[in-house]
Every structure is written in structure tokens, then in C-alpha cells.
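Chains here go by letter, A, B, C, D, E and F, matching the order in which they are written, and residues are numbered from 1 within each.
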């Protein structure tokens, strides 16, 4: 099996500690993350060879991000260098009735100012099995969208499986293009999409719908609209999230493979230590599950949902979880006993 | 609209972190607070011009309290200086089956040793619309009670709205007077009272009652006893708190305006990050609501209850919450999504 | 009343903070603990004179453990010195769906390399009323098991009450002996055993059973098997733990005195601040209850269960709880009010 | 006496703690600062009414900067709002043989994207006595340089004293202009300049010189070149800094008023807790000294040098020092005694 | 040899960390200390049986102080309980040119409100060899001075050696008496005094002098004045402190035994980690030295000076140093090598 | 150029923070290090391909050490797994007159229980240019010494340059062999030795000498004794360390190549942030210098000494320094200016 390549932006994350509000913080916890990199870390933890492609500024903060890739065993040899700054975001972690807040400060980052034809995609992808990207990259700048398209075309040409996380962020998309002007072409290449139906249709320029994920009759009809617009698509999946509060979520998942609907049991997630990156954990679990055993969609979905749940217990963007821990959660072993 | 003036004591608060017991603490988190100052911060956060009147010692710790007032945009120009120490309290934050503990160390503070005729109340209140005090001030010393009365008389003479938070603290009232000897005269001036019925009647020297806040028939009868003793009273309100544990509260509220009972929906508050100051958050929300739209008692109560709930998610005495966040909670938007 | 003597190992505990995984930790919280020492601290907190017997290395880390004994008023005058290292363990505190993990690093500790005939048990126990040990000590080395037997024989000869906590740790017992080869003789001397039925029978070399603690008919039958094998036994008790998640436990307890079954009400324990040592808190409560009033088994069980619940709210191995706090929990007072 | 107005950028400062390198930091200490704001804080500490004019983004990070102004009693009523981000900088604090490092991330900040004619300078300055700016503002963008010129013209027209800190930063000046193309016109309005001779001449477009600050004969000749180019100039001063290491500085100062050279004694500064902002502390001391007693240049220089020395002992950008502490240092009292 | 008894106040100490100013502190490090208790800890570290007599409030903060005594092996069985609060003090640790500051908040403490005839001094002192007190106790209240006198009389009657540390604190002595009205009687009982000559004469009501400690001719003349006023005196000693800065001290010492002057070599102390308690470390070293070998005054002085120097390297009030470390410093071994 | 391979033990390092003594520590900073790994990190920082060979336990703590290798770009593909524990050491960082202390707890570590013939040295070394080991490995166990010899023989056979750091640790060598019984054979293979003359001769079984490093006449005579016993030796070098205190060192270096003595200038190192690993920094600099330009011994020594000095300013075992920073120090640029 070849490596998985993920492509996107890694940011410095500055988060307040112990539920403090921004105005109370005298320190920020410094960590690193970004949707596609988070997927890479998940896969590396599961033993999959994985590489992250991005652009880093040639300064001390960029060097820290590079050390982070190495630490988590994510190959960085095709990272390109340039630009003025590492994108960053501030995170205030909520609790109970108070939600978490993100303040993005990622404009003009090394990744946003990426230029076309600077990544040798054929070389990058030549021994790859899988290529993963998300809707964040085309949302940050015209150039990033274009380089993303380059990568997708190269991967498609090489016959590599392509997974796409929709990752719609309303606070991005500030460079003059709307998702429906950019995403349809990019999504065309997808073999696997992660995201909910209404976001998919919105990005593909279709009318708004209100899917009922409990209705196994209406659901395939809606999904088939997406399959029609994405001719390479074989699987689409989404987390189902029922928010009780910022500290309590109920998490399930749905997967459709053009033929059948698969459901994962709803799990209680409380307390929420850190919600950021839980979608990426789902994605990482899904890719792992499908890479490991293409034949069992249900197993892949179960892994994805369990990974998503476990991510909520971990500080930072990454899902620092082993396959064994995922398996324990799937098999229903209560986590209340101390392992000793 | 003129400013709101609140009068009381601001203390240094020394709290253990991460639920540690006092005997485990090697550091104390240092913050500042006190019932009436906490109300002032709430109002400043809502955009209301607000001033805090107190007495501070002329030392480095008093100077820290002054900086805190400024930071949160609370006017401090009529603060008076003198005395030997800033009052302080120690807080051990409980969890689950273990309650929080306060050890007061506020005797002989600058505020407790305040002297009569040292505040020029006419000058302080001349451009004020509202005056707020609470039952803590007359509980700390004879002099503080007397200066409180000076302020109330001046405010009443100037036709300023007066709000009173009962704030009964059994660990105070050590100077030889009981509440019923002091509070009835002070409460006479109240236009708005916050506190529960049994505390109000106790402070007014009446017999103990056990109000049933769910009974909309018996409630007005009890409330009318208070209205009788407080001729200027137009509104009385209280939080309703159902404690599941130190980490889980159910919070509602009741308001009576001499004519009708208003109720706010019960909200689940879990986890409790910090309960101290949640009554002050209720008071701040109530004053804001009534200042902003005197006509809608229901809206004011809803704001007060939402503010009280949100306070439980914030470390420290103050309710660092925006009107927009209060509005979101009232409108029932689950806080589980990260705003990004 | 004479002193209580507990015998066992005290370790350095290195735990990650704020639910961090081991790979995220840049600091470890350093505390000290071990089952039998934890029991000693509980008893000291309840005002019982108590002494801990162990072996410490003569280095700075051993000296820290000694200071810890003194701080919590546990007599240390019969501690013996020698060996190369203090045993230690690493603790990663889980949350929600992710369980806590212990990595032991206690092999070759001062206590594990203890030698026979180095403790003058007659002198140690001469003014003692009670002797407590647990199944951890015979699990760490052959020598520790043998010294444990010395102590039990001396205590038995002196007519001292002996309590045994089964404390089965599957990660120990590495020196070539299985529990059933060692424990039956040691348990013979027990007057009180704490632990569940299946563990007791397993350690006594009997067949596996699946006790139903809700069935007051079948339970005495199972318990009587244990009574038969332990001729000095008068009381056996166990916590009942229903794990909802790593952060939420439901805790009850059962006690049998050869005649009747006693039950304690199930209590909700959420959030779990720290679960380690909660069995020792149960044991400490039980010993206290029986020492204080031998006649009321129900009261002793209630104290033990309340102590166990409260321990879950406290960081570190020890149950830093007063009798008054236990009494409040037993009497059902909600802990949601701040004591002030 | 009217207020002092300072104009410039306030940034979020993210610094590693305890001399850690960037790659070791898991947290950044978050504080706020910027040359001209630092001067404002100094003056507020000395009791001078002072206002800071800047542009802040309308987000949570901008709101934190605003709270900081208030906390330190710096008037903020003429702050304008807009733009996307608060500029920030990363600081790694060196020690001994390893110097400190700054990584700027301030491009495209709210201040850098300031627009012309958005500040009503006449209104801002109408009750001001003094206007202070520095060479950092014209270095960040063309627009910032232009708005700076607006302010200088308005101040000059109103007859307000103008002080300029040269503050040359080689890592700025990236927008296509060189200092000598921009600074000469701006410096024309200066009544007081702080900075060394070679920087002044470089910014004024003159040839490089190597001034010998110990030579009281050659020094006036060099200074007179600057006086010639800045017709409003009456005073120029500079710190003298002899670096032994990152932890040890020797600090003195020179002032020239067109007639005479004044020198301040060299002081030993070790350890250096934080060097950033020490030039601003000098400037703040100088302004205070001249405002307080225009007639004594020597006293003003002594205050400026003492303030600069004391700043090195304080974490963060600001000089949190009282006049009394400055006076003690000037009078030579050793600081080794604990004041108690 | 019997125990040493020290008598005085133990306070909660709240200090800012990393040289922060009070206005920057979000946490205070919490420790405990007080001159006479610090001496007790020193002696316990040297293996001397030692007991501390004080009055503690019966609250959680008092209980923490008690745990501290136990931790450091200082007997607490004669501590009396009562009063409302534990005295406390705030400490801001300076650096370089900025001195440390103490803000006392110890008025009305449990110790200051001590009452006469509440300590059974005969019982306390019956198996004691040495009694130590300092000039702080009579400075805090009339009652404390009177109880101190009770203790001194009892000790004198029992023939116990009495040591007195002058410890003049100008911020105390607020209860209406001056040192010269109280101290002469108390000092009469001293066998050993620690403190400088001018302080001794000031406290004894004599004229101010300016002793030259380098002049071995004039020194005995001055010392003899003190010997005359204190008929039981056999030894008087003082540290010599030359302050280079808050971070750099030069420390020596002088001792006079009525016959000869002894000097200890000056040692460089840099950096100063924490200066508070260094005089108590000197006192502790002196008492140990004289207890261990009465015949060698030079050795006792050397120990005292070395202990004082080493204290400057340790955070908190106590001198956590072993005799072996003191011996190494005296023998001149450079501490630059890591012991491994 | 091929890779450098270093072989040894990596440990968990648990250090007290802010100069605290062990008994004061409530947290330990957790980092990783060991002489030969530290050298590998230095080389990786200088851009040299480098691999570390060791044995790690297959547990969470071992996994942390592995992540650390990856983070710092040290190849780990030939690490072998097994054993029970990662060795660890406790570090108390001294200051001024108080030295630092190490408490080793590394017995029975994965590395100490390494077995012969478990590393395929030919495969490991096949594309290597340089092999580095130190005297620590043969000091921990017989097996480790034997595996070390295997590696040396393989490297020698392959014609790879071998460097040896003497690294004598008196607290090791506990397994029954003395250095002179083991080291002579191992040192035979050395091309480069780092260490002082007396240690070299002691390890080689020769008489004790007291070398005078300032005497360029006597020095070659002593060095030639070592050259005689180590037939492959071409270069020997040592740091020269003059300890003023735990916080102040003077550092120089000497190198001898069988023909000439080279000296590096003494540099002042104050404050010492962390001394541990400074010898490894010297070694890393020396290997880099000789790899980069074999012809200039003086340049290599200068790099080694500068690296050693800079290491003292960095927390943790590793020298996180760039070549540019080394060059700046060599060229004498004072580090007092902030780079901005």
C-alpha cells in the first residue's frame, strides 16, 4: 500500500486555558493544527504512511510547525517554503451554555499566498494511494484553490483515491468567489466525500434542503443528487451531532455508498474537552477503515464515529488515539475503570 | 440616560485552581470581586455607563483593585481612599458531591472601617439614574450600614431608582446587630429587590415562611407582605436554583411586579465552572432589562436568568458576557457548535 | 484506643494535568500515594492515630515521601531505609469515553527489595489496635509477601484486628507466583476484607463466579464460601461501581457480616476529578466506622460509600475529607450551595 | 496642563516564558504593547493625563487591547475601529550569550491598513499639550505614514510640543519606501527627538557617522547637523547602552539642547528581566521630566535613564514604575533591602 | 539534649512569581513563614528536635499552616487555637535595580489577638534546652508582647538558654508603644542576640550610632554597651550585608562574645532567588553551631553565614539546606558542578 | 557524506522548575535526554543526517521518547524495543552558591537490560560516516558494555570515524566492573576523544595526574600517553570549565591533534539556565566542525566551545542552537541587542 497524501494549511493555534474568556487570558496554549493535517496525524497514529503537503514561512514559527509534523510521524519532504507568516487562530473554549469561539487570523499566510505551479504534483503523488483535501483550502485564496485543482487533476490522472471533506467555514471565502463558483469542479474528482447533505448541495450550487437523517427512505434520494454531480463518487458520509451544550454532545454517523444507508449508534460525549478537529478525526477514521478493509462500510463508519467521539476528550486539534482504544469504544467497554 | 451607581466592597479573591482543596494549593488565582462591583461590570459589558463607589486602602493591593475597575470600564472617580487593608476571601472550588467553600478574611477592611460623612453623595449621584446596593454592606460594620443609609436617602431625595440585592451572608453580621434591626429601614427605599421571599421576610423581621415558587396563587400573597413593608417597591425578583450537585444546577427565575407573576424557563447548567457572582449576574441582567425597556418585565427576567446561567461558565466573580450571547441563549441556540 | 498501623508501599505519582495524554505532557504533577498509605491518610483526617510502615530509599525522593507522611499526620517512626529507588507510577487522566491509564514503574523499588526479618513487628504493633494491609504488597515481590506474612502473624498473635483490601492488580504478580499460591495463607488472618466476591474467590483459588449484588438471597451463599476459607473473618464489604464513563460513576456498596446483607444507596459521581484511591477511601471509611461504633454496620458502610464518592472529587491519591463533609453527603444535603 | 497624546500601534505580544526557545514553548505569555503606547503607560503611571490614538480591529483581540488601555488609565476615546487583525509579535527572551529574538507578524494589521482622513486630528488634539509619535508608524505602511503626517501638521498648527522617537526597525519598511524618503518631512516638526545620532542622520538621508558619545567636543558638531534639518528642534537625547550580554547591560544617556551636552551616570543593569520597551521608558521619563520642569535638562535626563534601567527589571512592554522608585534609583539607594 | 522551642507568628505568604509586579499578578504563590518558625525549620533540617509555639485560627488557612509545621518536622503540640484569621503578607520579588516589596496584612491575626495566660509556659518548656523569640512578636500587639514576656520569664526561671533576634520592622509597632518602651525588659533575658549594633541600641533606648564593623577596636566598645544592658548576654552576632543590587549581595558576619571579635569571610550571593528569611537562616545556623559545639564561636559564625548565603538561593521563607551543603560551602567547593 | 550514528540511552528527565528544591516541587518538567542523543540533536540542528540507536520499552513513556527523536529530526529506524522501563533521572537546578543535583533512577532500564547480538550493526552502520558513543553506556551494565563493543568493532571494520566522550559518572559503574577493566578496550577504537586528561588516564588504568591546561609544554607529554594507548586516535579535546558559582561559569577549550595544542578563548557564561548537556554540545560542535572542515582544528574547537557556552542558556538537555548563532558568538557580537 502506498502513502496517503493530505494537502492543506497548518496553523498555530492559540487557545485560552481552563475555559477562560479571551479577556481573562494571560497565556495562550500554543499548539498546531488544521483540518487536513489533523487527518494526517490520525492516519499516522493508525500506522498508515502519510505525508502532508503545505507551504510554510521560513521563520521560527514555521520551523515549529515542521517539528510538529516530524513529531507525529507525518512526512514533510515536499513541504514548500515561502511567504511571510504562518496562519493562526485564537480559540476560546466554552462550557455548558457558553459556546466556543474561534477568531481566525490566517489571511495572507504562507499557504494563502501560495503560487501556482510551485508544487511538483506528479513527483509528490507518484507513490501515493490516496489524496485528501478539504473545502478550507479553496476558501482561503484564489491561488490556493487553483493549486488544489492542480493536485486533484494530478491525483485523478494517477488513479489515486480522492477524499474530500466539505469543511464549510463561513468566516473564510473572502477573496471574491463563492463556494458554488469553485467547489463543483473540485468535487468532481471525489471518490469519497465527508460532510452533510445540505452543505454538499449548497457548495454544488443546488437549492437548500433540510435532510432528515433518520429517514432511510428520503435520504438516498438526496444523496443521489450529489452522486449525480460527482461522477467519481462511491461513498459519502457524515457525522451526526446533537448538541446538548458546549460540554455535551451526542455523536452518530451516516454513510451512503450509492446502494445502502449505514448508521452508527449514537454515543454520549461528555464532558467535551476539545471539540476542534473532531470532524477530522471522523475523516481519519473513515479513510483508515476503507483503506484497511474496503469491503466493510459499516466497520469503517463505526471506526470513524468512535474516533470522532474520542477526539472530544483530547486537548488540541489532533486525535491522539490508538486503534486499540477505538476498538474498545466500539465494543462498548465502559471507560470508567483505570487500566492498571 | 444617566449613569448607574453601585456601592459596596471590592475584595481580593484567592481561589484554588483545578478543584484543589486548600491544603493542596501551592498557588492561589488572584482576582477581584464583590457583589455590587460585579453588578457594575455586568452593566458596563452591556454598554451602560456605570460607576462604583467604595473605599480602597492606599497600598499596592488597593491599586490593583482600582486597575480592575478601569479595565472593565467602571468609573472610579468617587472612590475614597483610606484604611489599612483590602478585604479578601479564599475560595475552594468544589465539584460533584463536594461543595465550594469560602473563607472570609474581610474584617477591618478599608470598606468596613469606612466613616460617616466621608462620601459626598449629592455630588456622586447628581447625574445618576439608578443606585444599587446590597445586604452585604450593612452586614460588614455599623459604619458601613450608616453610610449605606446616607446614600439611600440621597438617592431617594434625587428621585433615582434604587435596587437592592438582599445577599444574606450568615458568616457576616458580626458587629452586634441583626439583619432585622438594620435592613427594614434600608429596604424602605427600594424600587426593585432581588432575593427570595424567605430571606426578604427574615430581613424585614417577619416570621419564617417556606414559599412554593411553583404556586402562582400563594406567591402573590407572600410577595404582597414585602410590598407592604417597602412602600417604594415596584418589582421583586429571584433566581430559582435547583442544585443537583456542585457541578450541576438548574436555574430559573420568578418576578412579581405587584400585579402579575412572571416565570423564566429552567435551564440546565453543567458543568459549573464558577458559581460565585451568579446572583450578581442575575441582578445585572435585571437592571439592564428594566433600564432598556421598562415595559417588558418578562424580557427583563429572561435576560436576568440567561445572564445568571452564563455566569456559571466563567471563572471569577464577573459575568463577562455580551448582550448577543444572552440573546442567543434566550433564543435557545445550542452552544455546542464552535463559532468559526 | 490504640493506633492503626498500615503496611505497604508509597510511590511517587507522576500524572498528566488537564486530561492531557502522555505524549502531550511537558510537566507531570508530582504527588505521592499507595493503597495502604492512602488508608492511613484517611484515618488521620478522621482523627485516628495512625502509623505507616514501609521501606524508603535514602535519597531525596524518599525524603519527599517522608515529608508527605508527616504533613498528613501519619506516624513514620518505624519506616525502614534502604534500597535504590522509590517506586513510581505514571497516570494519564481520562475523560468521558477515554479511560485513565496507569504505567507502573515500581519494580526493584525500596519496598520490592525489602528483606525478611528487618522489621521488628512486635515493637511496631505493641500499642496498636488495628493492622491493615492489601493484596498489592504480596504482588510486588516474594520478599514483600513474606514480610507481610510476618506482620500478619505478629498482629494475629497480639490479638489486633486485621483488615485486608484485596486490591488485585493484574500488571503486578510478575515474580513467579500466582495470587492463589500466596493469598490464601495471608487472608486467613483477616477479620475484615474489602473487595468483590469474584476477586476474593479467585485469590483464594476458587472457581470464577459472577455475583449479582442486587440479589440478597444468592449473595450470602457466595460470601459464606469466603467466610469458610477465612476463619477469623467477621465482615466483608465491597464498593459497587457502575461506570457510565471515565467522568461519571454511580457508586454504592454492600457489606455482609456473616448474618445480614447491608446496602448503601447508589450515588451519582460526576464529574470524576480523580478516581485513583477511591477504593482506599472506602476502606478508610469502613475502618473508621467500625472503630468508632462497632455495633452499626450500616453506619460504617454509609461512611465508607460517602468517603468513596467524595474521593472522586479530589486530585491525588488521598481522600482529603472531613467527617463533617461525609456526614453532609450521607444526610443528602446538595453540595450546590457555596458555604459562605 | 493639557493631556499628552501618543499615536501608534498596539500589538499582541506572545512571548516564551523562562527563556525557552520558540520550539520548546507550549504556552505563550500574552501581553500587549507598542512603542508609543508604552510611552503612554509610563506617563499615566507618573500621573500625567494621557491618551492613545490607534486603530483596532473590531474583534475579541482588539477588545483585549482596549481593556489594556483602560486598565493603565490611558484614554481611548479617539481610538478608531476597523481592519481585520491586531498586529502581533513573537518574542523569545534570551539569556547570557544568547540574544532575544522578535518575529514580527504585524503586516496587514488594523493600524497598517489605516486610511487617510479618518482621524479628526483637530478634535483629538484640541486640549493637548504634547504629541508623541515614533518612526515605527511610518515604517508599517504608506497610509500609516500619511496619517502620521496629518497628525503632525495638526499638532504643529495648534502649537503643541512634538516628540519623536526614531525607533528604526530594519525588519519593517517593506512597503516600498526607504526612511530617508519619508522621515525628513515628518521629523521637521519635532521639538524633541529621542534616538542616536547615526540613526537620525541615516533617517534624514545623511552620510553614516560613528559618533563618540564620550567626546563632548565632537558631539555638538554632529548634533548641530540634525538641528539644522529639524528647525523646530530644541532637544535631542539618547540612551547609551553597553551590552555585556543579553542578561547584563550598562545604561547611560546623553542630551543636547543646542547649547550644552548633559550626561547621566552609567548604571549596571543585571539581570535583564525584559529589555523590550526600555527605549520607550526612556522616552516616557524624558517627556515627564520636561513637562514637570522644563528648566532642568539634567533632571529630565536622569529620570529618563533611571526609568530605562528600571524597565529592564519588569516583564512585558510597559514600565510599571512610580516616580518614587525612579527617585530612589537616582539618589543611589541600593535596592537590596526588602521594603518592610 | 532537650528540644529547642521557638515562639512567634506563622503567616501565609502570597508572592508574585517570576519578578512580576503586584499589578501584573494573576496568581500568587502560597507559602508559609515567619521569622521564628523559619528558625525552627532550619533547626529541624539540621536534626535538632524543635517545637513551634503560636496561635492559629481554627479555619482552613490555619489548618494549612499546621500541616506545614508537620511537613517540616516541627512539633506543634502546644499550638493554641483561636482568633479570626491567619496573618498574611504579600511579597513582590524585585530584581537588579528594583527592590523587593512587602505589603503586610497581619493586623488582628490570631497571634496578634493572643491573650495573656493562655499558654502554659512551664509545661511547654519543661524538656527544653533553648528558647528563641524575636522582636517581631512584641511589635504586633500589646498582648503578644506580654505573652512573650511570660515565656521569657518561664524560660529564664528554668535556666534555658534564650536567643533573641532583634528583627526591627518599622511597618509594625502600630499599637501605641515604641520599641524602647518594650524591648529593654524583654532583651534582659537574652543569652544570645542576633542583630546589628545600631538596632540593638535603638531598641534599648540608646543614642544612634554608626558602627564600623571593619574596625575591631571600636566594635567591642559599642558591643559592651549592649552587654551592660543585658546582664545574661554571652554572645551577640550579626550578618553583614553589602547590597550590590536586589539580585546581588555580599554577605559576611561578625560575632562578639564579650572577649573577642570573630569575622566570617564575605561571600558573593548572586543571583538572589529569595532574600526573605535569610536572617532567620543565619539565626538557625548560629543556634545549631552553638548547640553542637559551644566551644567554637568561629565555627558557629561560619555555619550561620553559610546558611544565610544558601538561603538566598531558595524560594520561600525557609532554609531547606542540609549540614552537608553548609559544610561544602564553608570548605569553598565551587557549586558549579552538577552532582551526578 | 553519510550519516552520523550515535548509540546510547535516552532517559526521561524530571526537573524541578524555578530553582525549587525537590521537597518543594509539586510538578516536574518532563523532557528527554541522554549524552549520545543530545549529540545527535546538535548535529541534526546543524543539518547533518543523524541516527540514534537505543533500546526503548514498549510502553507510553518509551513512545514519548520516540516522538522526541522524530521531532528533532533524528532517525530512529534502528531503535529496538523491549525491557520494562525507560530510565529516568531527577534534576534539581541550583543557583549561585547551591549546586544542581541529579538523582539517577536508571537501573534496570530498557537500555541497561539490552542483550548481546540484538542489534544488526552492519546494517545500521552501512551508510554511516561517523559513529559516536560515550563512557556512560559501558557504565550502566555488562550487557550494554558488550553491545557497545560490538558496535565499535563493526564501525572500525567499516572504516567509520569513531568518537568517544569519556563521560565518567561516579554514580554509575555499579555492576561489578571498574572503568579501567572495560574502557581501555573500547577506547582503542577511538579516532576522537572528548574529555579531560585525568579522566582519560583514569579510565585507561593509568596513575592520577593533575594536568595544567595552561602549560603548553607539559600538556603534549600527558596527551601523548593517551595517544599511545589509543592507536587510532588523531584528536583529543576537552572543555575547560572554571566555576564561579552554579550560575556563573567561565568556559574555554583545548584540543590536541598529536602535533599541536589549540586553545579557545574563555567566555563568561552567566546566568546558567541549564548546565546539563553542555559537554554534549561541545561534542556535537566538535564533530560538526571536523565533518565540515577536517583541515581546521582551531575552527572546530571554536565551534565546540561556542556551542557549549550557548547550551548553558537553554533549558533541557539539548543544544537548540543554529550554526548562525554559533558563528555570531564566535565573532564576538554582544547578544544584548534584540534582533528585530
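Definition applied: a contact is a pair of C-beta atoms (placed from the backbone, for glycine too) under 8 Å apart; a residue touches a chain by one contact, two chains touch by 3 or more.
Predicted model, so just to flag it, every value in this text is computed and none were measured.
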item: Identity of the chain that, by mean CA position, is farthest from chain F; value: B
item: Same-site or different-site touching of chain A by its copy chain B, using the half cut; value: different
item: Furthest chain, CA centroid comparison against chain C; value: D
item: Approximate Å spacing (C-alpha centroids) for the pair chain B, chain F; value: 63
item: Inter-centroid spacing, chain E versus chain B (mean Cα positions, whole Å); value: 45
item: Multi-chain contact residues (two or more partners), chain A; value: 17-18, 23, 26, 67, 101, 271-272
item: Residues of chain E that touch chain B when the two form their complex; value: 14, 17, 22-23, 25-31, 59-61, 63-64, 67, 84-85, 88, 90, 92, 101, 103, 105, 107-108
item: Residue numbers on chain A that touch chain B, as the complex places them; value: 18-21, 23-24, 89, 94-102, 104, 169, 171, 241, 243-249, 271-272, 275-276
item: List of chain A residues in touch with chain C within their complex; value: 17-18, 267-273, 309-310, 312-316, 320-321, 325, 328-329, 334-340
item: Residues of chain D touching chain B in the complex; value: 67-68, 70-73
